[in-house]
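Two complexes come next, and they have one chain in common, chain A, joined by chain B in the first and chain C in the second.
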Partner chain A sequence: MWELFVRSLDASIVLAIAALGELIGQRSGVLNVGIEGVMLFGATFGFIVAQTTGDYTTGFIAAIAIGAIIGLMHGVFSITLGVDQVVSGMGIWILGFGLTTYIGNPYTGPLGMARIDRIGGLSPFFYLALALIFLTWFVLNKTSLGLKIRSVGENPEVAEVSGVSVNRIRYLCVIVSGMLMGLAGGVYGLSYNPVWNYNFLMGWGFIALALVFFSMWNPFIMFGGAVLFGALWQLALSPEFILPGVMSRYLWRMVPFVITIVVLVLMSTRWFRTHWGAAKPEALGVPYKKEG
Partner chain B sequence: MKIGEHELKLIKRVDLPWWNAMIISIISVIVALILFSLVFVHSGVNPLTGFKEIFQFAFLNRNGLPLTINRSIFIFLCTCAFIIPYRAGLWNIGMAGQLYAGALGAFGVMYLFGAKGDPNLYIAPGIGIPLMMIGAMFAGGAIGGIAGFLRGRFNVNEIVTTMMLNSIGFWFISYMVKEGGPFMNPVGRSESFDLPLSVRAPLVFGTPFTIIVALLLAILLYWVFAKTRIGYKIKSYGLNPLAAKYSGINPQVIPVLVFVLGGMIAGLAAYHYFGAMPGVFKIARNYAEFGDLSFYGIICGLIAQGNPLAAIPVSLLFGGLTNGGRFAQGKLQMGFGVDYALLGVMMITMVVLQFFYRYKIVWIKPEKEISDVGIIR
Partner chain C sequence: MPTENQTKEKTVLEARGITKRFPGCCANEQINFAIKQGEVHAILGENGAGKTTLMNILFGLYQPDEGELFFNGEKVDFKSPLDAIEKGIGMVHQKRKLVQAHSVIENIMLGHPDSGKILNFKRVKKEVSELCEQYGFKLDLDAKVWQLSEGQKQSVEIIKALYRGAKVLILDEPTSALSPPETRNLLDSIMSMVESGLAVVPFITHKLPIVLEISHHVTVLRNGRVTAKFATAGATEKSLAKSMVGREVIIKLDKVEVERGKPVLEVNNLSAYNEKDHLALSGVSFTIHEGEIFGIAGVSGNGQEELADVLAGLRKAASGTILLDGNDITHDSTLERWRKGVGYVPAERNEVGTICDYSLIENVAMNYYFEEEYVPRGIINYKSLRQLTESLIAEYNVATPGPDVKAKALSGGNLQKLILARVLSKKPRLIIVNLPTQGLDVGAIEFVQNKLLQAKKDKAAILLISGEIEEALSLSDWVAPIYEGKFMDIIPWTDAERDNVGAMMAGMKPKVESL
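So, the complex of A and B:
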């Protein structure tokens, strides 16, 4: 049972870090629906570099670096060129899906390195994720930078007038956001599921996207959601823990996705929105062009 | 930017004439192919040889051409499944899930006839084939409709929903055809039962009759978008849902409508590949590969810019490229996934060139200034 708990927490960490990245970007008003693509890049490059150098740290650095590059790319498309953010995100997803399939293919198979040591029985990334989530909350809510980020996400025109460089803040956020997504991919490919296969994220990026919508843009609620989802995912993988012999294992695999949809629907009802108040950044997904 | 006398300037477009849009699309395809040649270079293959192999096999080879056409029909149907919601400003990336549902719908009809394990069962083709198509369209439309309904009624992001439905569909079809699932082939492994001989689709000049269905569909959709009231409603909802609402268009109905239609066409794509392709006639073991292939619908839809007639040549090109890519990959001993790499490169080029939908580059030639000697300004 402990093993199941640890495994489900491992899954939650990946989702939480990726969703945290998306949350930061969205708070500054940039929607990136291509999390899956960035994570695939991070996972694949992290995997390849770690396997070639035999060093985990280098692998993670590679994952973060490629994440930053892809984040920057999304920034150039959606901030500077003013391309529709959904189009750009979709492009990043399919680019990641297509290119990593080709690039990673010779590395198909297990990583073949000693597993990363656990600290206090839990993955070290658990502590890292907690620290990052707290840090994000702190920066967003307690610092002037956070105020700038939120104001850029809510009303870029007003922010610009009050002396905040909208584009600079947004670039900062998409790059940090890409780094976190890349890291999440790295954690997935090097720690949670260190067996490379094409498209081995199987939609986790989209689940992370759903988590951000679920979180009402609050990092702590997001983490709670990630923990619940991780548990759900792990149970669906090994249903024999709770309900042995009920339903085919294939049908169990559908359950987390069904529940994601159901939760999103509940969250989207007017009743829920009025009771809890939605904190959706007002300018989310709207390209901003400085006048003049 | 200044180059000599001339000045290069970016100007915001006021409108986008169709020939300009076409030029942008063609340029993006060419740029993507040039970028894609890096993949050949990476594998130590001369890009020209690579492209020659691809195009020769895809369009000139006696074995390759039918494969290309069959793939193109499939991609074209997926493109239509993407285009209809795209016209309404919605993203259907759930072609894969709708496809799996469609396949199950088509084979479900045959299952009800008792076709499992009895390939010699006689079902009048005039009844069996239309019923299979209806089953496929019904199932695909139902899955698509879920995403549309949730979007219209609760404003749930359709990208997330359709992607979740893809995963649900994938595991459900796995359940149905694997490990003793209801549709499992009694003799084969991990694939569905074979279609009875009597309901295998008739061929028209060596291609499944679905090619005619696809062409008719293209014309029909073009007509619907260009001439009918419903096409206009879809378009105005896509441009501005709120404005559409005030002009009397029901904002809850349009998403359902476009997603049901899209899902139905994706279901038809499933029927085409699993029910009408010579040599298949079952839910083949590599069904997930066709789920991946359906993502080409997104790219083709973007390149064709939502125009169903333009989607025909685009689908043909991509059917050929993926088919020839597979062949070249084997012949030139390149790594697996060449066609996937093309998918990625194509998509990102398309995204960058979207920029030119809104801006254009113009050359400004400065007028010769009249040298006004003697007048001090």
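So, the complex of A and C:
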């Protein structure tokens, strides 16, 4: 039972770090639906670099760096060029899926390194995730930088006339956002599931995306959601633990995705918008162009 | 009238020969003025006179092609709004520049250099409260901006500029969204700012009495040039209007007496919800007869928009009935209502009234596409639509190069004339007009109001929704002040007094006649 709990928490950590990245970007008004692609890049590059150098740290640095580059790319498209953010994000997903399949193919198979040591029985990334979540909450709500980020996400014109550089803040956020997504990919590929296979992320990025909406853009609620989804996922892998014989495991495996779809559908209803719409960053997904 | 002795202070902001050229309209030519410490210096002009361009130059959004700006005697060169803010220019736009989802204090702190890397709410709150106290603003600093009234939001912007250290406060149409008591408070606050040495520069299109009341000096713009400078003590409403428009303007309209005909619109206990699912209109009843103008006076957001939408068939009625010439049209579609003789002039000319990327012909067609004469068997007859559009343009003096230009090329006044033309030309039984003169200049206002009076003579029933008490009182036969979705009263024009109607627009109960 403890095993199952630890394992599901490991899954939650990946989802939480990735979703935190998406959340930071979205609070500044930039939507990145290509989160799955960024994570695939992070997982694959982290895996290859770690295996080649035999060093975990270098692997994670590679994962974060490639995440930052892809985040920057999304920034150039959606901030400077003003491209539709969904289109740019989809492009990133398709690029990530294709390119990592091509590059990673020769590395198919297990990582072949000693597992990362646990601290107090839990993954060290659990503590890192908690720290990052608290830090994000603190920065967003208690600091001048956070106020600027939130304002840019709500109403960029207002931020601009208050003397805030909208583009600078948005670039900062998409890059940090990409770094966290890359890190999440690295944690997946080097710690949770260190066996490379094409598309071995299996849609986790999309679950993380849904989590952000699910969380009402609050990092703590988002962590709760991540724990719930991690548990559901782990349960789906071995349902016989708790509910032996109830439904096929393949149906169980669908559950996180079904919930994701249901959440996203609910979020887009009129009812939701009228009752909870205020939580959503007003300028989310809207390219900003300076007047004059 | 403010006293003269404060106005001999030194000049804070001076413009010398400011010129900005654009391909097309709204440029500035050789603008000169000097604004002194401790004075209210109004800049007056019609739409298209170059006010917006000038404002954007003063605030650093545009850079002038020629000419120089001086701040406290020192030449300044604003590359961005931030430069202007740092020098001490505060700008309160007509369109609110606030983050709706954030609290008042967060909005004030945004971008302020002293708000601290880690936000120091306690200190800023104390300082802001002192400012509010000093200038007579009442604000709940922890309230979210979306919960505030338009007047309160404006106060937040003023306080934000003052807290940022503004020495010159530019106010764009400061009273346009305020109820009369809110206007009163604002004017009092402006006076106390002036007393403490600030310069206040309101940009105003047509509220001439306010200009006369609060300003020390007036600079009038027309066609991008300064046409007159007054010390307000020597100016009158007439002289201001004349230098703005370039000709004599009739300020007071004569009442048009029309014999009251049959009832056209009967509204019974009508209610409706707004986008947020709150009851925005709750149980209004009224009747409009042929040849009558029924004026609804209210500050925007009190249910009048929802009323117009429900009558036009754009929003479902939550309860109640609408009768047109005795027939129930409560559940009719918008098209059926148009066919039965409802005409609608929406407040949002650019968003609802027209499609900005369509030509004038296509925009006129929006009220004619269902007429067999113009669209026989579903095929558009562009030739007859073109003739129609050309005749409407001529009859309504729409200034345009031709019927093929896109609607977005027209100024607000000309666009309104076109919309009015296509609606009135169908001789509707009922005309719903929402804020018909909002944002128009004096000349266009005169034109629109006369057309409405003409329609009244032609026996139409007119529902006029207005934010301007003067307009509602001078045009209407009946005036209904609306507040929070209810009529405070329905008053015949002969009994309607300005102050009383204004108080009811702000939610005060009607005065009971003393015997």
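Keep in mind that, in the parts below, the second predicted complex is superposed on the first by the 275 of 292 C-alpha atoms of A that agree within 3 Å, B and C clash if a C-alpha of one lies under 4 Å from a C-alpha of the other, contacts with A are read in each partner's own complex, and residues count from 1 in each chain.
Convention: contacts are C-beta pairs under 8 Å (C-beta built on N, C-alpha and C of every residue); 3 or more make two chains touch, one makes a residue touch a chain.
This structure is a prediction, so every number in the text was calculated from the model and none was measured.
Undergrad: Please tell me, clash or fit, for chain B and chain C sharing chain A in the overlay.
TA: Verdict on chain A: chain B and chain C fit.
Undergrad: Identify the partner contact of A:E282: answer first if only chain B is touched, second if only chain C is, both if each is, neither if none is.
TA: second
Undergrad: Given the touch rule stated above, what does A:T143 touch, chain B (first), chain C (second), both, or neither?
TA: second
Undergrad: Kindly classify A:L251 by the partners it touches after superposition: chain B alone (first), chain C alone (second), both, or neither?
TA: So A:L251 only meets chain B here.
Undergrad: In the overlay, answer first, second, both or neither for which of chain B and chain C A:F77 touches.
TA: After superposition on chain A, A:F77 lies in contact with chain B alone.
Undergrad: So in the superposed three-chain picture, is A:A210 touching just chain B, just chain C, both, or none of them (first/second/both/neither)?
TA: Touch partner of A:A210: chain B, not chain C.
Undergrad: By residue count, which of the two partners contacts chain A more extensively, chain B or chain C?
TA: If we count touched residues of chain A for both partners, the winner is B.
Undergrad: Does the superposition put A:E157 against chain B (first), chain C (second), both, or neither?
TA: A:E157 contacts chain C only, not chain B.
Undergrad: At the Cα centre of chain A, what angle separates the centres of chain B and chain C, to the nearest 10 degrees?
TA: Spelled out: centre of chain A as vertex, angle of 80 degrees.
Undergrad: In the overlaid three-chain picture, find the nearest pair of C-alpha atoms across chain B and chain C and give that distance in Å.
TA: Taking the overlay as described at the top, chain B lies 6 Å from chain C at its nearest C-alpha.
Undergrad: So in the complex, the part of chain C that touches chain A is made up of which residues?
TA: 56, 61-62, 81-82, 85-86, 91, 93, 97-102, 106-107, 109-112, 115-119, 146, 160, 275-277
Undergrad: Would you tell me which residues of chain A are touching chain B in their complex?
TA: 33, 77, 81-84, 86-88, 90-92, 94-99, 101-103, 105-106, 198-199, 202-203, 206-207, 209-210, 213, 248, 250-251, 253-254, 257-258, 260-261, 264-265, 268-269
Undergrad: Given the complex with chain A, which residues does chain B contribute to the contact?
TA: Answer in residue numbers: 39, 91, 93, 146, 150, 154-157, 159-161, 163-168, 171-172, 174-175, 178-179, 181, 292, 295, 298-299, 302, 335-338, 340-345, 347-348, 350-352, 354-355, 358.
Undergrad: Quick check: in the complex, which residue numbers of chain A touch chain C?
TA: Answer in residue numbers: 142-145, 147-148, 150-151, 154-155, 157-164, 274-275, 278, 282, 291-292.
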